[in-house]
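Next come the structures, one after another.
Look at the two complexes coming up: subunit A is in both, with subunit B in one and subunit C in the other.
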Partner chain A sequence: HNFSFFLSFFLFLGGKYDYDLVVIGGGSGGLACSKEAAQFGQKVAVLDYVDPTVKGKIKIWGLGGTCVNVGCIPKKLIHQAALFGTALKDAKKYGWQISEPVCHDWATMMEGVQNHVRSLNWGHRVQLQDKKVKYLNFKGSLVDEHTVKGLTKAGKETILTAKNIVIVTGGRPKYPTNIPGAVEHGITSDDMFWLKKSPGKTLVVGASYVALECAGFLTGIGLDTTVMVRSIALRGFDQQMAGLVTDYMETYGTKFAWKCVPKRVDKLSSGALQVTWTDTQTGGEHQDTYDSVLWAVGRAPETKALGLDKLGVKLNQETGKIVLATDESTSVPNIYALGDIGEGRPELTPTAIKAGKLLARRLAGQSAELMNYDNVPTTVFTPLEYGCVGLSEEEAEKRHGKDNIEVYHAFYKPLEFTVAERDASQCYIKVVCKRFGDQTILGLHFTGPNAGEVMQGFAMGFQCGATYSHLSQTVGIHPTCAEEVVKVNITKHSGLDATVTGC
Partner chain B sequence: MAKYEEVSVRGYDEFCQAVSERKGKDIFAYFSGDKDDQGKSWCPDCVKAEPVVRGEMAHLPEGSVFIYCQVGERAYWKNPNNDFKKTLKLSGVPTLLRYGTPQKLVEEECFKADLVKMMFTED
Partner chain C sequence: MAHRLLARRIWTLSIKDISCHPASSATIAPSFSTSLQSATTRVSFLTPSRTLPRSLPHTSRRAVSFNVQDNEDFTERVINSELPVLVDFHAQWCGPCKILGPRLEKAVAKQKGRVAMAKVDIDDHTDLAIEYGVSAVPTVIAMRGGDVVDHFVGIKDDDELDSFVSKIIGQ
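Right after this comes the complex of A and B.
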């Protein structure tokens, strides 16, 4: 402690730190922040380090963080693989002569996915080098507000001093703490995207978008998949939309064990996993065997090994995340944080990237612009995708009062589903508006194919303060699913049938 | 004594042969447009990059292989269906790559000594 005080004092006198900025974490936020800062001539170092998963079953992954290695990127690719499975079935109705049975090979898919992930790791590495950002494969922790300690895998220590420090260490999947066998026999999403062999018959425990997206693509590639939900699905999202998402999944073959809680996981002599669970509605106990158990029960912020308590960096007691001001500063001067580790921040890549860039600009004295976390659109890539921006209907009711909102909605059928004879019962659009005045749009919700692509443009309108009248003045592009958004005209209040009929 | 092996090949078949004879080794491959009798390549970027790449070769790992591959004449290279483009997925010359990995540097990236050094020295 004396040493660090002396060091800081010495540095203050000398006015020289090793770096203008040290970024702890080389994921979406960390890479964006460090590259932007370097662009303004700042001397920057990035520390990226991955602890092996609890089981140590998989090797650690490369530069890029969760999104690149065990999140968005492999998820979307595998979701695409699953969509092809459905497309192959549809294709026959469109005249393609495809011989049955059509099988899916996990190893082939994973090779393609992992090759792409590795090329992204390399691409980030080249970019850092090219932009003169120092990359260190060290596990970073804080010594004081200007000093970071970096630890190599072999345990070798390096000390770096910095004018400013940004913590961007993100989160890791949680394991349940009170279920015997959970850690020894189960896996998380960190493991799923690196499995060499197919997970086989899988039990997915959880009902977050991670759980549903994984269960969705596993079902799509032909695996026997069950989702075990303790209470509700997609907590925090519009619950009517969440219901449509899970209804679709059930129709298309994903099994759901609603209101059930796992009790224990045992490994049988055959190698299979026996899961015992309680049905909380009946109190009854049940058992079944699976090849894999995937825990998707939440993510915990990576703050334990950072030494935050020593420095007095304030954390939210409930979530363990770092408490941040609107400029991403923490309770300690010169220490900032962003991305998943920040309390109240969306756990999304684009917001981490944007916040990282804006912070870099502010620290370099180039700008005073703060990150705007409002109106962030997002999409859940379940088999039936769900895209949204703004408030859920429940949240809009809460904030404005049920009588002060107008909900326009429509059940539509994608044209492509017709020839394919596919059920479109859950393809739905909901536009939640203020009831009076300009009828400003408060929230936009869409379930259907390519929901993310559909929503991106509408998110811009939302950002510009679009009203229902703007929407209805917009001419649709035909024939698309997106045009049904601008054509929406039946309100929930009217009680009329909201099914779109013909052109 | 050099700690790496340098091999010179011309054309796709010779390249594949050289690779197959060195299974299990860490292979770095540098692809350049053919050189004429005066030793000058038709590809100006290759002329610029070669001294940079050669300048970092002292950093090649022990036991590794460096394959210098002349891909062919300009007309052959321009054809989008040539073997290098089709099978090896090369998009341009010069390309420096680590065989069997996604690690590669293409065109202007090969002008940067620090990037070349990074490729030779990092895992």
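Right after this comes the complex of A and C.
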């Protein structure tokens, strides 16, 4: 490690490169990578730049990337706002005298959310300063494998040279450009979190976790919300669990237009948006008016303006994402990429952060450890939250064969739901294991309140290679929902009723 | 030295005039500037086109502080200020800032024009805040002759602020 440090210092002294590392993108991955690299004495610059949303009217957001500004953070806060709405209804059964009607004010909520986001933007700036990382508000693009061009908003150009370059530019929501009126009249999640006024009656097109989470919190704060699904919900996730999530949402007031595809969006003289769509099952055409149309039909990697083709950085033809090796290297030496822009990488903040840190350590010659993308837990923050780690049941069947897996499951009722007289039909746990031998757990799935909090601890067990017997040997904490995970004992094979009761 | 004291005296006198005559800024400014121009050329911030209209409040009470508009404004009104200036680095999302702000203005107002107060919103002027080493907010720095002479972070009570402000002026 001493030798590589001396070498890079020597090269730097020789005036070879401006920086040891230039990071293009100041989001979860970029910030983690640059700060870690600086800690090892590397001279680092991070370029962060936000192109205006198509709407253009939205203020450009600050440092921190998607997660901080238009993703995880505002999403979770607004999800919390919606949960409070449900809690207020439950509270009456618990004796709270709450006068009706209880209304929600969008502007008050947004002020609180945006204030927190701004405090995070500031916090990141201070951290970069503290860790001696140079921050540049430039739009970065590649000139060659050691040269980055930075462009200010005013168009002023700066050239930076670097020993290594990391591309961490992430992605932006897609617009369905083939649908007339989609771009002019619709919005995406990039706009949603900065709306000054309530979106009103909303049509959410898409059935990804972004679509369902947004539709979920909009319903929760009292707005008339419809989700338009082309085929299936939560593609890539366990489909039984996806069904439970959408069933719950339907029970709680979110409307679903299954197997429907929007055809066009027109703006009426009243200002409302008229959406025409086709029901692919009947072939019939329908129309309805909405105040807002939210497109949640996927995210596109931010690679266009980077100049990657010029350098021969290989992209996946279908997704447009950068093809990466296990050490995050691209097809061009000295150029690396991570986070959402990487092909086959999970589009999650914690994996981007960890991969960023490990890459920084490798580049500084401190370590050879590669990022482990297996066993990554995640949670969908829909009104009924869904947390999972490992394989879906269908994926486990595919890999091991249906007869070689054992699925333990249980329908449980959270204690809090009882007095509140809430329907718990979709609160469910599924533990997918190998059928024979140690019965290693292949996948863990949980729908219920605080699914993310419940799943985190189990993810550690999963990482340690937990088996069904480890699970059943663990004593539950009572009374909780999480204890039902360690208590699962009914198998799907048995065909027995999986509904469990508390004590 | 003498002309600086003279300028300061004229500034104090003129402020008293303004507080006594709640006329429009347009009528006050010209008369103010002619008397000044004869006295000194150094007091650059007291020009009719800029300072007075801005520092005069919309309310009947004289505004104690001003919001820094940009880097040039900061250079002109803080770094090049003849008076010591307290710079209040604050943010919209900072609860304690909303408590400290009015308290600081009260302490500054008590000094009757012997110290000025500039407010910098760190979200609008991030680079400036970073340049002055601001990390947590509120951060208040005291500047005299373009140099930072004192600073504090967080909330202080009225007595602590009075003594902080007096110390800045006294030296």
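Throughout what follows, the second predicted complex is superposed on the first by the 487 of 503 C-alpha atoms of A that agree within 3 Å, B and C clash if a C-alpha of one lies under 4 Å from a C-alpha of the other, contacts with A are read in each partner's own complex, and residues count from 1 in each chain.
As a working rule, a contact is a pair of C-beta atoms (placed from the backbone, for glycine too) under 8 Å apart; a residue touches a chain by one contact, two chains touch by 3 or more.
Small disclaimer: the values here were computed from a predicted structure and weren't measured.
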Quick one: subunit B and subunit C on subunit A, clash or fit?
clash
Looking at the overlay, does A:K134 come into contact with subunit B only (first), subunit C only (second), both, or neither?
neither
Now for A:R125: first (subunit B), second (subunit C), both, or neither, which partner does it touch?
both
Doubly contacted subunit A residues - partners subunit C and subunit B
115, 118-119, 121-122, 125-126, 129-130
In their shared complex, at which residues does subunit C touch subunit A?
91-94, 122-123, 126, 130, 134-135, 137
Seen from subunit A, its contact residues with subunit C in the complex are 62, 115-116, 118-119, 121-122, 125-126, 129-130
Subunit B to subunit A touching residues, read off their complex:
101-105, 109, 112, 114-115, 118, 122
Can you name the residues of subunit A that touch subunit B in the complex?
115, 118-119, 121-122, 125-126, 129-130
